[in-house]
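Down below are the structures I want you to see.
Look for subunit A in each of the two complexes below; its partner is subunit B in the first and subunit C in the second.
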Partner chain A sequence: MLFLPPAVLLFTLFVVMPAGEAGWYSAFNWNGFGRPTRWIGLDNYRYVFENRAFGIALWNNVLVIAVSLVVQLPLALTLAVILAERFRGAVALRMVFFLPYILAEIATGMIFSFVYDGNYGLLTAIWGWFGAEGPHLLASPATAMPAILVVIVWKYFGFHMMLFIAALQGMDRGVIEAARIDGATGWQLQRHVVLPLLYPTIRLSIFFSVVGSLQLFDLVMPLTRGGPADASHTIVSFLYTFGVMRMRVGFGSAVGVILFVICATFAFTYKRWFMRDE
Partner chain B sequence: MRPDRMAQPLLRARLVTVWRFDLRTSKIFAKVRPNDKLGTEETMAITRRILLAAAALVLPAQIAAAETVVKWLHIEANPVQVKIWEEVAHDFEAKNPGVKIEMSFLENEAYKAKAPTLLQSKERPHIIYSWAGGVLRSQVEAGVLEDITAGVGDFKAHLSPAAVSAFTVNGRLYGLPYTVSQVGFMYNKELFAKAGVDGSKIAAWDDLLDAVRKLKAANVTPIVVGGADKWPLHFYWTNLAVRIGGQSGFQAALKGENGGFEGPVFQRSGEMFKQLVDLQPFQTGFLGFKNPQAVGYFGDGKGAMILAISSFYHTQRALAADKVGLSDDKIGWFNFPTVSGGKGDPADTLGGMNGWLVTKGAPKEAVAFIKFFTSEEVQKRLAAGNYIIPTYQGAESGLGSAFMRNIAHNIAVSKYHQNFYDQDLGPNVGRVVNDVTAEIAGGTMTPKAAAKAIQDAYVQGN
Partner chain C sequence: MSRPRLDGIGVFKGFFLVAALLFVLTPLVATVLGGFKSLGELRTNPFGLPDVWEWRNYADIIVSSRYWALLGNSLTIALLTVVLTLVVAAMAAFVFAHLQFWGREMLFAYITTGLLFPAATAVAAGNSSPVVM
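== the complex of A and B ==
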């Protein structure tokens, strides 16, 4: 009981109050100057949902989660199973795969904006070797988001791989020994013994992927700033571009509240349904 | 660099901090002594420098106590121009003992994002940059600006009336404009010659479309545009609206008459812009180009035209890969083409009006400084370097280049100088205009839907 008041105080100060404030602002048409006075009720929420770019942003967040689950997670898992073994170069390879995660998001975005540059970029140079004209991936609404997804997988698979390696190394070797003695072969061993033992880590990895997707912002800004034609916005970059940059504090707050509801709902249901045992 | 900033790294490198433990008092204390590893001679030299640096540190601090400090926030990223501004500040300081001008810088977009918070804090700068228009109006409404009508007095009669009126809200003056600019087509004469196009003959919209076709046939990229920033694309739509609707068309839309921004004038602007877009006149990947990249691309001679703000005359050199860009004899300019049946006068112009605002509670020296900045002497000096089209009437005679003199002339004879829409309509509606024009250019929105989106945003307000 002694330790509760400071925690409650901090939680109130940094979570409850800002969230409440955002909720209050979201009912006003307010540009940030003076006090909010023009009460418009729930209109800001209507404007948000009517906005075409918000639909795209929401869909892009779903895409990021989907790619994290379908591409990134299996990739990280496979590499982890391989690299958790002790062999020459394993540690070096682990480090190489983990390096992109250490890089700052803004720096990564800058680097890849050069890689993708349609005139001078690395990709264009590679295309040039085959005598083709390089693509302008970030300049077309159809390819901008896929290009960003590639960067996301490149940047974060190493982190998830490390999670799995840690789990694999912490695993009780006795169980695997026992399965071996019982005659389990390679695939059976992985599928029926190792994988079930990794479930808690996989659930954690999925949790990180979803939360990361909902927070995704600083990779998008240097790459496309949500463009072209708003094709690569995420919820947060949408909030920034349409709320902060346009001095629509009420509108931005409404987006913030929506994001908060999504995050909170996800966190609680996921905890309740999938991470009950931890 | 100020001497105190210079001294810090110097002190850090040449001195060694030694931590000692005092047995009697049980306290840890630090001793600072010169680095032993340096030779005697060097140590002597360093000691002299440290003493000098220390003197430099102490002296201004003493003087500063009796000074009025005017904090001036600007958004100019071009170091050459900043250098001249620093000189202007020094001149002002020399003429007004006891006043110190403190310059600080914020990048354009960062400034726009930070302004509301900054202006409402106690630490607000005294002089800030402004594009006039809707943002200025909301700042006035919020009461964060100083009414400088009395402080400026009759001086404003010397400045261009159109620019002064842009900084006047409800009959009160809140800032002084120091430059104006015009939007029009800057073109590369060599590439035009290659395609057999004469830039000086382009007067009507169809002439422009013809030129684009000829340039494409000659394998020249007709137009360069920084589509990722969106506002370079909104110039097409808004310039067309200026030609089609004229001043009366814009005023009517502001009042919500004739269907507002959803009305026929603005739908037609979108449709005509679509005509141009359908010819695919822009460089490959134009939606991924930021404006500085596009201007540099033009400076590199890779595209024949750019719908430019007149100040790009300068920036294309700085942003070109070779830092030289296109020389005066290679650059041409023609005004935005006229539209048949349009209500606008061919002499009407679209462009910016930029100036300095004084914030609430600023010392009166701030007003004196912006008056100095827009005085004949300083305006002529800036004009001589061709950095700006001055607002001080008569100062344009100081413009060194024929290119800039032509722009100054265009603005002088214009009876309707429309401020950039994305500034004039305020931060939100303005950016919606940018959004939808970029969408028309990208083929993801019809001109009709674009006009509707702007009207919807206008009704919602900023």
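== the complex of A and C ==
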């Protein structure tokens, strides 16, 4: 019993208390200097929801989640199924696909701002081969967010692939052998035996995707800083730009509280509905 | 140890792997090679090997004292995080694993909510000094 207090104490001191403070500050019009004195009740929350950029940020987070589930997950799954088999080069390929995940988010952003650069970037060079002028992807509100979504898939699919490979390798060979003896062909085997056995891992991967998507921030900053015209904000980059950089601590705290409520609601309902048996 | 057969599926797998490989490696390789190019060449020749291998970029970084100071900071953070997390988390895990007591489930849920906080929220809360970027 004596071993527990340090963890609880540290956690309370450095996580729960700041969060509680944020909840308290969110009721003030406060710039972060001195003591918060101007109590405005729930007005900060009203300002947040009235802000056009917040709507965009919310929608962008939905997009990130959608792409994580519709593009990234199937990609990771397919690669995992291919690479879980043992052949020469499989391990090296796994390493390569995992590489982007190890890279720091900021560094990834830097690399891709070079790739996307409309004047000198890699993409422009490829366009140049066909004689076309390169697009300034990150400078147009219509294309900035899709460009970021590509980076997200690039960076995180390897992590999910590794989850699936681990699950595939931990799988009971006997079950697959039995199905094969029963006459299941390749596709049937994957679809009706392997895939159901992967469901727990897929549920876990979805959980990571959604919570990670909601917290997306450090990839956006070096690429677009939420721009142009607030078109590529996520909730956290919105919080940072409008709350921290503009010294509106109360407003930022309100965004933080809203984000936390979204995350916590998702986490608990998801756990209750889909991850009960684990 | 099954060799992939070269039927339709094998070909599909091969194409898929090569496409994914190109997608992942192109930006990385271009960045590594870019480090060896002069600014001018970087702009005229973003792909491909550098005409003149410019070692100065890397050399400048390695000999600069600032780089090592920053690396030192990272090391401090890493060491402290590992030691502190290991000790505190192992102790807590021991309690959760071995003891049954009133409020065990609640305390466990309490601590695991910490996973839901983005680091940037912690920046906005508490004080207004931006730590990120």
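Heads up, the rule we're going with is that the second predicted complex is superposed on the first by the 268 of 278 C-alpha atoms of A that agree within 3 Å, B and C clash if a C-alpha of one lies under 4 Å from a C-alpha of the other, contacts with A are read in each partner's own complex, and residues count from 1 in each chain.
Following the convention adopted for this analysis, contacts are C-beta pairs under 8 Å (C-beta built on N, C-alpha and C of every residue); 3 or more make two chains touch, one makes a residue touch a chain.
These numbers were taken from a predicted model, which means no experiment stands behind them.
When the shared chain is aligned, subunit B comes close enough to touch A:H136, but subunit C does not. In the superposed model, A:E85 makes contact with subunit C only, not with subunit B.
Legend: residue contacts after superposition of the two complexes on their common chain; A:A104 is shown touching neither subunit B nor subunit C. Residue contacts after overlaying the shared chain place A:V244 against subunit B and subunit C alike.
Applying the stated contact rule after C-alpha superposition, one finds that A:D230 touches subunit B and leaves subunit C untouched.
In the superposed model, A:I181 makes contact with neither subunit B nor subunit C. Set against each other, subunit B and subunit C touch different numbers of residues in subunit A, with C touching more. When the two complexes are overlaid on their common chain A, residue A:G32 makes contact with subunit B and with subunit C alike. Within subunit A, the residues touched by subunit B in the first complex and by subunit C in the second are 31-32, 119, 244-245, 247, 249. On the side of subunit B, the complex with subunit A involves touching residues 109, 112-113, 116-117, 119-120, 135, 138-139, 141-144, 227-228, 230, 284-289, 427-428, 431, 435, 438-439, 442, 444-445, 460-462. The touching residues of subunit A, when paired with subunit B in their complex, are 29, 31-34, 43, 47, 53, 118-119, 133, 136, 138-141, 224-225, 227-230, 244-249. Contacts from subunit A toward subunit C in the complex involve residues 1, 3-4, 6-8, 10-11, 15-16, 18-19, 21-22, 25, 31-32, 75, 78-79, 82-83, 85-87, 93, 96-97, 99-100, 106, 111-112, 114-115, 119-122, 124-125, 154, 158, 186, 211, 214-215, 217-218, 221, 236, 239-240, 243-245, 247, 249, 252-253, 255-256, 259-260, 263-264, 267. Interface of subunit C with subunit A (complex): residues 1-4, 9, 13, 16-17, 20-21, 23-28, 30-31, 34, 42-43, 46-47, 84, 87-89, 91-92, 94-96, 99, 101, 107, 110-111, 113-128, 130, 132-133.
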